[in-house]
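Below are two complexes that have chain A in common, paired first with chain B and then with chain C.
Up next, the complex of A and B:
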């Protein structure tokens, strides 16, 4: 749940362990939500699930490896355009497009990562911002392929086929279940990565890169690997997004996408899987939900961010951790987060 | 010096300048198998820089470093550690602060147990068994260094002395051939000094680890080292048994300041 192993104190035998009920309740909510929510709210939840994919990638970089990258939005856009173009010109199905988007994002991340990872701190951040700007410039100006500002429209809704049967997520409720399955799968993959010995090495790099080096860890290779894996998550998210909203346009490279991913990770809690899941729902649902009052939307959004950074400077993860400890009957002696 | 036998570490003519300062000036040094060599000298005499240049953390201007006969002069810090099994500590103690002691040690052993970067991404049975093996080894070293009671506490919450022990135990994880310690006793209480000395002796005798130790406390050098080298203003001033070195007139002058 959290990457830093903390010693837990003995649980109180008198109190019931509430963890299983909480997990079951959350699962029921996740499965049942579209049946009770209105179309617009379901749409917001789909967006939240889709953004969880690039957010996992960003979390791998920021939360586990300790590198702030803005390039996630570039890989998201790359995945979106790649899927859109394949869908339009080759007529390939959504699963093929998504796998291709992931592969392409990973491949492109190598030549981008090699020079970028020589940079540190703010220079690295600026360099990754450059990638987003370049992505936007290409999508705007390579008109013969991308149709510039007009964008690519009428992309097929995501269709999955298995053994002769095929199913299309043609409305938000169906898209919700598709996105739920994919987000759950992505979360599982992410969990495997951070739980692997390599994940431990990434945390070592975040904590102290020179010490990690001195213990034989080739930190540069690991940072490149993290950058490539993160790009894959970004590409996957872009592919699902474009098939869901059925439009690819240069707007995807706007700062809104980058900031959304950042807010999900930093607000949810960098370095925590559950924090980021929580973050994606809260922030995307919040920003989408606020569309109801368009004139106040950005102000309300901005205000909630301010409250967040002052009230929860570490994101929501420590808060969730406390609830989890409480639910398990663990009494926290001292806070060391 | 050239007894026909290959030294563990053989450094020739190592030189490093920082701007106008020649931090290390044409220094030769060799460490024999199973030896504990002391490196002493006044503040700013270039001891830490010598470490940095021989372990790949800094690039020397000239000179050569060879480990068991193979040239490692331009190897990176991680490669020297991983392939050379030559480990070093830092003068300013560093540990993975947010991780507990056991986790610190597991990390230290990983690259020596997994054959490649790619293999560390595996979560299969083989990988889990490797990590289990590392945990077991870590627990043994935690007992050896007396860190048992704090094994599951975050390393950053422990005392400076305990952190030095973590650093030392981490370096023992990979079955090292040579360990270079930069002031392992500085600023730790006398009880822990004894423990560090005992552990160095144990690693030297039972595990066959050779040592190069920077140490200001001359009693420690006398009790541990068979030989010591004195640096002053980047140059090698003299070398010999600890007793010979202490008796040297130039050494006394260097320490008293001239």
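Up next, the complex of A and C:
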């Protein structure tokens, strides 16, 4: 989110210059949190980091391309099942499984996206919801492969091997650092995508598709590409999730997962990377960490969705931008807007 | 043969239930241009109202119907005041997210109050009657009868009363309605309460047949209502009745010939196929919305 170059104004004595300290402080907090927090709180932060992956994908669709898709949970579940099955039957390691989950989610997103993207607005939402329901039906009824409602258990904890040395994230603290690295990498990839000319074309499609098309942007290809990339992020999240909690079950296609991703993106601020990271920690880590009863948490999510839609349609992103501007602004009231 | 006839009769009766739920959703879509993703929750609320009235208050079944519908109306009024009225003219994304939020709140409040376990609904008229060798529960006949009455009533209301005419007017052009002095908010509110009351009503009607009552029961109803309203053509009352019957019978036949576990997939496969080939519905030649 570093839009304003610091160097040009760094010599101004009145400037607060708090941006670098804020970033460093956040990095220290992110790296040091597991050493201070209890196991359960670390677990909550791991879940938040994992959900950041599909949330980035959803953000690409909702925030950058302007398509409200509920299918993200379907790709999350697909990635989870693909990883689990590979781990159980082929015994492949976590990085292989995750790459396979991403590839599979991307490949399956093409035949699903081609018909779905022909639809607009409500019809698109209904169709993407349909993908989740079908995913759930398959995971429940294809018993010979998915073991139905019993689910797949005892999936290996994520192991990363490099040149003969291998390391397994067997407890929440280790899983936290693995998830942190992967989430940071995913955020970097996401940043590359949205900052590229292609990313700007997506925003153009969001703002005015007809105008974008008239400027020669192949809108159809871009929307399909966005759908496929988002699916890849969903598959990656599912793979990491299943290796962390070591169970894959049809519950993964529940409304809970769709809603969680939706609230991260809308609450954090669609179209804002920092907003979504913030949203992930605020909504997932907090609710998980406070150990609220699942029903109460769902009620709180529901109310938050209502408040967000009607009162804060841009989520927390404007609030974060204000802090950022304040941190880089001057002491007098002439701070940059 | 009798087996097939029985299946079709059962299909018609579940189709009748879907029709009563879906017609409310399609009317709400008509005036608001928004899919009410919480629609099944009002079906759940009606059922819970009826269950509470019979098992905790000891009321007879007809009184339980009134109680359940009354509870649904009160809750719908509150939701309508705070949520639905704000959705007039709001973008599609906002209405999707808002109704998903309402669905979460209603569903989990019910689970929180009554617990997550399955409850047993024991009232109603479940003795079968026989036509020759074909048997059907009395309750199912009652449902079919009520469905016919509801649709006759809706046709009359939409065609001849002032309220019905304003509903049609609002579903055609909101701005023009405001210009000629129609209270759009009031029409939206009335349609919303009418639609949700019908959903609650059909919940209590089916409870004796479905027997089990639980907090998550509304979700599957919402999911089945979506293909019906798309098949019927969004906002089309008569089309909804036909589409509901088609889905009900198709589900019943699939359950009978392929197994019960495939029954619930029929709806969503239908929905996706419909959206792909005839997004404007089976009965109209072009999209209204």
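We take it that the second predicted complex is superposed on the first by the 293 of 337 C-alpha atoms of A that agree within 3 Å, B and C clash if a C-alpha of one lies under 4 Å from a C-alpha of the other, contacts with A are read in each partner's own complex, and residues count from 1 in each chain.
Assume a contact is a pair of C-beta atoms (placed from the backbone, for glycine too) under 8 Å apart; a residue touches a chain by one contact, two chains touch by 3 or more.
Just so we're clear, the structure is a prediction, and the values are computed from it rather than from any experiment.
By the touch criterion stated above, A:208 is placed in contact with chain B alone, chain C being left untouched. Touch criterion not met for A:325: it reaches neither chain B nor chain C. Shared-chain residue A:200: touches chain B; no touch with chain C.
Once chain A of one complex is fitted onto chain A of the other, the partner contacts of A:174 are absent, as it touches neither chain B nor chain C.
For chain A, the partner touching the most residues, choosing from chain B and chain C, is C. On chain B, the positions that touch chain A within their shared complex are 55, 57, 76-79, 81-82, 87-88, 90, 94-100, 103, 106-108, 110-112, 114, 117, 120-123, 127, 130-131, 152-154, 157, 170, 174. The touching residues of chain C, when paired with chain A in their complex, are 33-35, 83, 86, 90, 92-94, 96-98, 100-105, 107-109, 111-112, 116, 219, 223, 226, 230, 261-262, 264-265, 268-269, 271-272, 275-276, 279.
Contact residues on chain A toward chain B in their complex (touch as defined above): 4-7, 192-193, 195-198, 200-201, 203-204, 207-208, 210-219, 221-222, 225, 336.
Taken in their complex, chain A has these residues touching chain C: 62, 68, 115, 118-119, 121-123, 125-127, 129-130, 133-134, 137, 140-141, 255, 259, 262, 266, 293-296, 298-299, 301-306, 308-310, 313.
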